[in-house]
């Protein structure tokens, strides 16, 4: 399939430019009979919508989704679910002066080297607004996963050089995340970050950060050897997000410095009284692991432990500080980017990270129905 | 496609278990008329073969490839190229006692949770030996890329907690890499690493590390938005390697701490006297970037700058140190793994990283022929 | 990919139910820089729209397409082209009594056996209206092909038991086709057919027929061995149309009765003064074939001769004649189908056959760019 | 995927040239735990092997398959199953004089127009021997289907202009098929056909024919709307066979002449005492159809009635009668094809038709596990 589709059996295709008539997606392969409500989708879209304060852009789109197909009497039909979100607040004029200029840190020139021309308005399809179709699709995947007890939660784990407390360490507060303009799991530290990002906004600069994600309720056995490994699929999903520059699972980049005797997660008997597990094949005992350095995935297959990974995002490249660059005639030009831009992509990246996780897991979960005769 | 295939138009499917009759691959979609020699494949296989000394396993397979189809009179036919490597030195008996035991840090139990049973001999398909089919396929992709001036070079950039000098920094020696048992780009430092890994071998332990990769000669415009981005595709390719736990491009995980004014690579006029560039579309000027924090990819599309990324590998999980684990009956067991195992996966991972890079780039390079009407 | 997508590199995904908010498609992989106008799409949609008189339904939809993405300043961007057509004239009430009844000759029960429930209004996604997304997508493919001199023409070659004259035989009139309510290539004979179908409409019955298609301007070398053969791909495309029951290429079903010495098309020197041919590889001479029993395809690869095939369509299953069937409770019921239905699907199937042909050829034409190093 | 792979989740990739080292396949996506024996594969290969007398080639290959991977202790592992069959009886010298000549009715020139050159020995990859990999793969699919009560049976339904009795009509003898050199379901008539084909062999000519196929035990609900319909998938599978020129389902090409009131298969209560049916979704009653004009598929979805279709094959193009053609220099040449060739492809096409049917159904059967939440 061409580059705007993803998935093997639970698939998504997205479309839309930042300043065109609209954006959206088609989800094909969602099982029939799933209860699906427009609110399931609106809720996720509003999580990615700017305007939450903090370091986000002030562009204010209503981002109202319309389900065009695939749902009848509140249930999925098994047919493609098409969702459309119209663009409203398009101040395309803001971009007129960028028509012939290649913005530093952006794909402008690479895009032209590829296609010969581009929609310069707001980055066209390479805009962060492109994630809208993904988040809408991910909302459907989330409903499918939720019905099976799978919960996906993301948060900003560092921003502007300030780290959040590690998961479950002192100061880590999961309840805070969705109330926090940064989706930061510690209110006090987030104030420091906001002070820093506000300073950067004034200076016309921007900040990078990381988003962490944790999935619970995942049964063991998900992931397809060799090229369709759970972590390989998630890595592709995350690096397909604009501004993402890296990903690491479990102990992650620290794993490179560990020794095997430390990094090896060893099987132990299941915690007594722990909740029920998905049915294991006959003859395979239930178990847990004493640690989770692997981040829930061994040999590309889920272990039943929580899935844990962190994605690195570079600073938003659209800054209002004066920059030197080239124009289409090859002349050196000074550039000051106007328009409304995030200072740090992390808080709005959280729902996109969750959406891509949900889409990947829904696909692998369906595929796992095919594992055994 | 099922999980053992990769690629859209230049595709590879691999097969084989560590202790079955053989391993190999089918490359489908390789253009016709390419000069291909069995030595092109043997050379790469010998680079991944153990026995180079250093921290690698002493299993000694000849790993002689046979081309079963797709090549006629020294040229590719445009038909599938099947390659077979037979297993010879199979001491399967070494694995008998592992039949009912779940090794820590391995996929044994997850595999059984998925498929109901597994080939326990040497890890079956989840063995590191599985990369053999990839390296054979990658050798073909390398020939295709080489003809277009694209060069892929990988090296061990850290091992057992010791970092190699950064690329082009003092002490970085590209010539050393292929002579070095660790594929380390600094001879003196590599002696320290070898001392450390030898110590670990004696202790029955193992080490992690990182492999870096650099690609030159790549034209701008490679990569498919949205889900088929160059970095997304490479991330999937790398995380599909056993023991890989993370990847970062360019400034990578450091990007999270940068500010936009620093991380933005800005376009500059091309260096005078620089070699020729692939044809750009009419009206698009040639340019370079003043820095390469992006690692050669912006918005998922190659910029024409060198492609640069680093992959993290966890320590080899097969250690001979005594470990506690569970068996198939759910009993706690003490385990001492015998057999021949790498202490650190990095030197042998280098050709696998290069192979996966070559396969990914060959696919995207072919796809780029379709970009413009 | 899931079942609502087609194509390898020039891909289409369709969506929409007959009585939902709308139908449409996403075309992904269309090269950038193609001139595309909304009229290119409207024109094809109006060809498939009912209301042309003759044996077609009297449902009168405006079928106005909207391009939601992928086109900027009249040119394709290389990004997904999404097209939406809203449903307007939905007399869903007509279908209320069909809610629990399985119509003979329809997929109603099979659909429920598959998905557990269905959108009963107008057949939901299994409505003939589903071709709307295909025809919109095919219109884009047609523009791409037209720019390369490829012309696709379909016609009703038989209907209600009356055969049209064979192509280029006396009485065959290509100019008549698009003026004719049946898309029949002979005005006098079409009057007979119309009399027959009008009689059937009065009787509450329906008729089958065949649609033939001819493609000129196709270069040799299209089609992918083994499973992606030109004729295999076209066969799938045609049988994916509702009511299609068979396909044959060239001499077709007659080929079974021929002898090799007759059916073999033999190479001959190209006709002097014939128009130019697409560039052949070095060392490969230009040629033609003395006959075209093969219908333009040998070994699954286009020969450069006109591509010729015929598709069989069964009679429209929605008839107003009284029929006996079962309802959801398993009771025997008498059924008289109301609503507006075609008597013979052929005239409106012509643009759908052409659209599917165009989509298939656009994909294979792009793929042929990858054949040689 | 490239052209030598087929299937979405139960996939096959084939490789091999007629006179190269060997041919074979990789089946990926076969569920784990299936009992699979080398005899299951050998049996099918011997059915397609020449030498059964009658109108088949006298090339005598042992066609001994070797399973290279994916099976352990007699059971499928869930990993790719690679099968290799070596070529032994390669009289490549027979083909030397064909090196620069384009055989009438063959893909020789089209292949060169595509790839620039070809393996001329025995047709290379476009040889009928290519089906070997398919038949091996199909044997695995057959085992999977057999375990679920699905039976696929093909036969020669016409050859050299002589029709076999229709299925279940007087004279139709299913028991005869596998004993008969023509796989003809009537011994007396087959003698007439053999007399005819023997005459054609002496004259240096060849004959076309048809192969019919019938599948019982198929549950309702198989097939994916819109492009992945059961009949669309089978049409692609059949037309991907060399020499196939057409396919029709159920009433087939006759359907074009029927009226809806006749062609509509109407639901009726299930025959009392009939065997059990696969589980239907809650609320969906069991039923049958009063007739099977649809050939077991409505709206692209299986109805639970026997699947019935017929494939047309053109005469074998390799005839020893003198033919006129062109060579690579564009000169007119006289050609007499030597070597060992079938006179009529049908008897050996039967196992290939069955294999492609099995592969298609296995894929759709697995996909049907994903239909409902």
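List of remarks:
We just call them A, B, C and D in the order they show up, numbering each chain from 1.
As a working rule, a contact is a pair of C-beta atoms (placed from the backbone, for glycine too) under 8 Å apart; a residue touches a chain by one contact, two chains touch by 3 or more.
These numbers were taken from a predicted model, which means no experiment stands behind them.
Taking the definition of touch as given, a chain qualifies here only if it contacts chain A and chain D alike; those chains are B, C.
Two chain pairs, B-C and B-D, are compared here, and B-D has more C-beta pairs in contact (counted per touch definition above). Of all chains, the one whose CA centroid is most distant from that of chain B is C.
Computed from the mean C-alpha positions, the centre of chain C lies at a distance of 26 Å from the centre of chain D.
Computed from the mean C-alpha positions, the centre of chain B lies at a distance of 45 Å from the centre of chain C.
Chain B and chain D, compared by their mean Cα positions, are separated by 39 Å. Across the assembly, chain A contributes 1-5, 8-9, 14, 29, 32-33, 78-79, 114-117, 125, 225, 371-372 as residues in contact with two or more other chains. Residues 1-5, 7-11, 13-17, 20-24, 26, 28-29, 32-33, 66-70, 72, 75, 77-82, 84, 114-119, 124-125 of chain D are the ones touching chain B in the complex.
On the side of chain A, the complex with chain B involves touching residues 1-6, 8, 14, 102, 104-107, 109-117, 125-126, 130, 134, 158, 161, 200, 204-210, 219-229, 231-240, 242, 244-253, 255-269, 280-287, 293-295, 298-304, 312-319, 321, 323-326, 328-330, 332, 368, 371-372. Across the complex, chain D meets chain A through its residues 8-9, 29, 31-34, 76, 78-79, 144, 147, 225, 366-367, 369-373.
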